[in-house]
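Here it is, the structure in full.
Chain lettering (A, B, C and D) follows the sequence in which the chains are written, and residue indices restart at 1 in each chain.
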Amino acid sequence: MSVTHTVPVSQRRSSLLGRILRAREVGLIVMIFALVALTSVTQPGFLFSDGGWRELLRQPTILILIALGEAIVIITRNIDLSVGSILCLSAYAAGSLFSNFPGIPIPLVILSGILLGAVLGLVNGLLVAFLRVPSLVITLGTLYTYRGIAILWIGPHFIRSSWLPDEYRSFGTLQFLGIPVLLIVVAIIVLLIGWFMTSRRVGRDLYALGSNPEAATLFGLGERRLTVTAFVASGALAGLGGLVYLAIFATGDAQVGTGYELQAVAAAVVGGVAIVGGSGTIWGVALGAFFLATISNALPVLGVPSLWQQSIVGVLIVGAILLDRIVFITRIRRAKRKGTAT
Amino acid sequence: MRADTVTITTNAVGSAAAQYRRHSHPLWRRMLLRTETAIVLAIILLIIFAITTVPYFAQPYTYLTMILNSAPILLMLLPVTLIIITGDIDLSVGSVVGFSSAIFGLSFHAGVPLPLAAGVAVVGGGLVGLLNGVLVTVVGLPSLAVTIGTLALFRGIAVGLLGTTAITGFPSEVTQFIGAPLFVGAPVPMVTVAIIVVAIGFAVLLHLTPFGRGVFAIGLSSETAAFSGVRVNRTRLILFVLSGLVASATGVYYTLQYSNAIGTNGLGFELQVVTAIVLGGVSIWGGRGSILGALAGGVLIATLNKTLQLAGIGSDTISIVTGATLIFSVVVAGIAGFISRRRRSKASVIAAGVEKHRAIPNPKSVPSNH
Amino acid sequence: MNDTALLELHGVTKTFGAVAALVNAELVLKAGSIHAVIGENGAGKSTLVKIIGGLYRRDAGTFLLDGESVDFHNTREAKAAGIAVIYQEPTLFPDLSVAENLFVGRQPYTRFGALDRAKMRRETRELTQRLGVPIDPDREARGLSIADQQVVEIAKSISVGAKVIVMDEPTAALSGIEVERLMGIARQLRGEGKGLIFISHRFDEVFALCDVITVMRDGSYVATNATTGTTEDEIIHQMVGRSVDNLYPKQEALIGEPVLEVERLTSAGVFQDVSFTVRSGEIVCLAGLVGAGRSEIARAVFGVDPYDSGSVRMSGIDVPRTSPAAAMRLGIGFVPEDRRKQGLAMTAGIQTNITLAIRHKLARFGFIIAPLEEPSARTWAARLQVKMYALDTEAQMLSGGNQQKVVLGKWLATKPKLLIVDEPTRGIDVGTKAEVHRLLSELAGTGVALLMISSELPEVMGMADRVLVVREGRITAELPRATATPQNVMYAATHAPEVAA
Amino acid sequence: MNFTFSKSAHRRAASIAVAIAAASVLLAGCAAPTGGSTGTDAAGAGSLTVIPKSLGNKYFEASDKGAKAAADELGLDFSEVGPTSTGSADQVPFIQTAIQTGQKAIAIAANDPAAVCNDLKAAQDAGVKVVAFDTDTDCRDIFINQATVDGIAQGLVDLTSKHLGTAGGTIAILSGGANAANLNAWVDAMTALIEKEHPEITIAQVAYGEDVDQKAYQAAQGLMQSIPDLKAIIAPDTVSVKEAAHYLSDTPQFQGKVWVTGLGLPSEMATYVTSGIIEQFGLWNPEDLGYLATYAADALTQGTITGKEGDKFTAGKLGDFAVGTGGEVVLGPMFVFDKSNVGDFSF
């Protein structure tokens, strides 16, 4: 950016209202409401029926989880393409634990699934942090490798719903005050991670690392530790995503989660995370994921041929980064104008 | 006259100039110890291994099918290599194959003559490449994000355009010609000629033209490139258009090779292309790499696939081996880099101080009146 | 002010492999004093700073902090012990707010375990106010000027309670006023009893600010002098092991026809109505404060940056906008301000760098092969006496001065009619500086027109045939060599145009 | 040492050279021996390569199991290879491998009949017998059809119309991959049949679940929500019918309102049938399909049959089969599963 050095020192704090209106989150909420409203007007059942209401709130949970992890990684100026494969391995691992050890405590299985995801993420993180190999390359490699392991391991088998204890399956449909329990759990996770990223040192350090990796090294922020942390978080969340997948679909084969990596990146980008790291909010990402999932939820209901869905997702991603760019340029312009005025 | 008389006399310059070494290392080291050589060596070792231990490997048919199967990747990786050398990336190439396949198929289906339909598809590919390029250069968006978006977009358009129909029935003389050996009994198919011609074109463009110097310069430092008169954005734009053109031409080829235009043609090719390029020693950070290396990377993966398939290994294992090879190659580079970085950080600190004793030549260092 | 030594280094040695980067370094820093460390590039100053800052560990020698021996394993430990290092190019996190940058890694928490943003904001405001440069704690660090970024860094070091503050060439990128401001802050810190280590190439600053001067050369400690008891000549002698009499060897050149004619050049918000001419054999210097718009004018002339209106002509031919390639064809060369980012491809070989700007000229039938490049690279490297091992040595392996010579060689190879040089000697040691000056002067002697931008007044005085002073994007004064005194230039650079001569 | 870096850079390149070379050979070596043996004795009495649409697909894993059983009975050398994804050309390398390793026969369920045609032709030219199963292609000696297109369409439409009665109503079809040739053929046949014989039934929409659980689930949801008077969904692929049933079981408001049937795997559908959400669904035994394909392949290689109409052969426990028009062998009519028998099957 050749323009940066002309930005003036004094920049008035913009008004609170102005900032709220400019925030990505507000735009996304408006779009989600518009989409839901549009769909409900054409098909009232989309919102005003038990099933519709539940699916509207429940379907996005998987994508939200993996998008959160992806966002943490992107904030540190990395990328994780292996989330789909991790999700698959975790889902199958949990399923086979249930089947091989009937009566195994559910929390133990959940813990194992998350742990498996975290370990796979740890492998990514260690490779990226210690060998300073671009994460794009490393996770491209583990995307293949983890998927290959999944196919080799799972092979002809698949998770049968009969393997799963009834209590676990009921997680998928359980509702509390009309809201799916899954969404409540995911919302709590979003709040926790969001709070962590904005209000704890490690969270801010992750932003700092992505914002200026060289400075982070010089500063002694512990960039390796932070990189590993981000990948472990991403892996663990993908693992959790696998468990939620299992709860909702009660099935799964070696192809589960194929292509999720791009959706996760898309959700993060649409949610306002800059692909070059350092900025973006967890709330934005959660809303971005909710929005994307709602689109794929709503399009069949609207009767849009499923074949065109992918192009809409593409337009949204390009539109989102385009929007970011326009906002950025106007901000710089405004700052520049103010600078000459004073 | 002008700048020619700057500083010391010409005689002194001549003798000083003669003292510079051309290279830090002898020829054999520069030739042998580079990634391209490593990959070529790996291919040769692998082929020897396969010939001796894998039955049926030593047949012309092996090479014929190996090239046929990898031809789309080998073609597409050429322009993408240049894009990666500038520090950008194009992940949409697989979707452009599908897009061009759809346009080609629909045009053909609508009665457009085959060559014209191919032309329309290639032009269409050039246009979507231009879209990528404009978003990256004119608007200034990061290429990774742009091409992840257009990856979905172009695929969506392809699948949406064709719907459930698969357009088949391309003239069999054309489709058979494409897969046929160059001449009877030759271990290479027709498409080899196309690959070689396009590869030589891109190799010359990258390594032997001022444009190619510009490509490297952009990857090394785009600011320096701009200050040196490289038209940075124009170069990047041209590369994205070239990538679209080659990917769509590949789409036409692929459609004819399998006599089938469907929206999912070329699904996932982008990752195979990037894998081959990275394996071939092209730096994902930009600035380093060669066409030869990238091609060799593609050939190594093709050879590995063929060997494993002939040995009766399923694609699950092949997938693991591909991923592991990729990780392994960067891990080795990473470990070596880790070690050399430790040396370098020391070396760079002291470079300035020590070169006084080491540098050749060492003419009078500071003007002095004494 | 007491007399205890805050920090003492005795016989500190650091070797890398077989090579010694630092031999028997000596440094005694007293509380409430400013201690200058000077030396040519590669003299070992950076290694010394890095050992003090915890980036490197010494191999031998004693390192006492407050009289106690310490041994830092990383920068964190050094920081915790009260040592703060402020690098030449500040290392802030552009996406974080100023307040957050101040508190990175040690943010205060509220009772509820969340960041205490109110406290961070309050302290940031207090600290920056105390330093006389109030900065909005909530604004992003992105876009802060280098001077303001340094203020943030200094505020950071104060707020961690650093006793020892090391400033590694803090003034290299600052304008006169900003330097004054920084020196004021440094004196204030001295008054508060802190010990400052100040690294600089500028003698005037060192003599104006520092109490003690330690000189280093070739990795070794040379001498420590009290400022009051030494002279510039003595220090230079200590630095280079010989004296450099002619730092600005300006030769008389025959000034000829106008080469560059700039008329009413305007770029909204950056510079307005800029007109000037540079003749062949003439050295025209754009003087003024950093941020006054000098570099921006030069960049617009060369076509790297766009401009809104006005015209640029080379030998009577219009230079198209925003096309460095076209400007180069018309004979303009440009040695940019930041050689690491704009002048060189640091990881490429010297040959690649030297021939980058002449790649079109070297091509035969559109093709370019190494044997065509080599003679050119060899000749220019030799003419500029670049000290290197081989033509494929990476540019990053060279010292700053030699890197700058490579950049000069790259542009001289284009045989320019007009060479724009932006801060040609920034961060270059005294010896090479003189070489560069002589080179530029000789170049003018051969009839090349030179447009030079410099923030160092002695350089401006020594080199320029004519000085154009830029203030807030306008040319406020044009001073011929005879009348360009430091006072005149500074006055025009800091006062409104109608007051200027 | 101002060239320390370049030196180590070269040393680094050297280690990469050795390592990559070693790695690729090693990796190939680790993987190779397991399968190498199939190659060496493949040229023996009989050898068969089965290429399913993709590995890890339940339906094809079941058919492969049947094929393996038949191969064991016949003493054939048997290998099952295939791609992990369903791209149109993904099966091609495996056909090439079968040709090269001198397999006597290939049994293939083509993802994309057109895309594999050239290579299957090459196989036939090389003397390899080609058996298509599940999905037909033009370039084969014989096609083992699980049931005729009309038979499947008739079976599914009959189940549905019986349920709807004379009142009829609006139904939807939820298919799998939009490009799956056999599914598209069934969908077309059902549409034609309903138009011709069941004017009381209207097909509101054909949706695609793309063989992915989540998409099929969302598509089922879309159908039930967007078509107000939807009476039934016919889902002619195993993923779609399972997910339609799954959505129904999650959503009581549609239970009893929308009736779902289709082609499903009993192991996957058992839960829904026993809980009463699904009454009936159809399928054939995929194990039998693979079993029959293997016997047909063997008959072809033995020369017992040539693929002409009227050729007859015996397929072990399944009994005698005759080759019908166009070289088709039909496994049998669609089998209907309900509460009474769904628990009896393992696939």
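Structure notes:
Operating definition for what follows: a residue touches a chain if its C-beta (ideal position, glycine included) is under 8 Å from a C-beta of that chain, and two chains touch if they have at least 3 such contacts.
The structure presented is a predicted model; accordingly, all values stated were derived computationally and were not measured.
Most remote from chain D, judged by the distance between CA-atom centroids, is C.
Set against one another, A-B and A-D show the most C-beta pairs in contact at A-B.
Separating the CA-averaged centres of chain A and chain D is a span of 33 Å.
Centre-to-centre separation of chain B and chain C, using mean CA positions: 39 Å. Between chain C and chain D the centroid-to-centroid distance comes to 69 Å (mean Cα coordinates, whole Å).
Across the assembly, chain B contributes 24, 159, 163, 263, 315-317, 319, 321, 324, 333, 335, 337, 343, 346-348, 350-351, 354-355, 358-359 as residues in contact with two or more other chains. Touching of two or more other chains is recorded for residues 147-148, 151, 155, 254, 307 of chain A. Shared interface positions of chain C, defined as residues touching 2 or more other chains, are 17, 19, 304, 388-390, 392-393, 397-398. Against chain A, in their complex, chain C makes its touches with residues 54-55, 74-76, 79, 87, 91-96, 100, 104-107, 113-115, 135-136, 138-139, 142-145, 148, 268-270, 291, 296, 299, 304-305. Listed in rising order, the residues of chain B touching chain A in the complex are 89, 135, 139-142, 144-146, 148-157, 159-160, 163, 263, 271, 274-275, 278, 284-285, 315-324, 326-327, 330-331, 333-335, 337-338, 341.
Residues 2, 4-7, 9-13, 195, 198-201, 204-205, 207-208, 210-212, 214-216, 218-221, 278-279, 332, 335-337, 339-340 of chain A touch chain C in their complex.
Only residues 1-21, 23-25, 27-29, 31-36, 38-40, 55-56, 79-85, 87-90, 92-94, 96-97, 99-102, 112, 114-118, 178-179, 181, 184, 208 of chain D touch chain B when the two sit together in their complex. Considering their complex, residues 79, 127, 130-134, 136-138, 140-149, 151-152, 155, 254, 262, 265-266, 269, 275-276, 305, 307-318, 321-322, 325 of chain A touch chain B.
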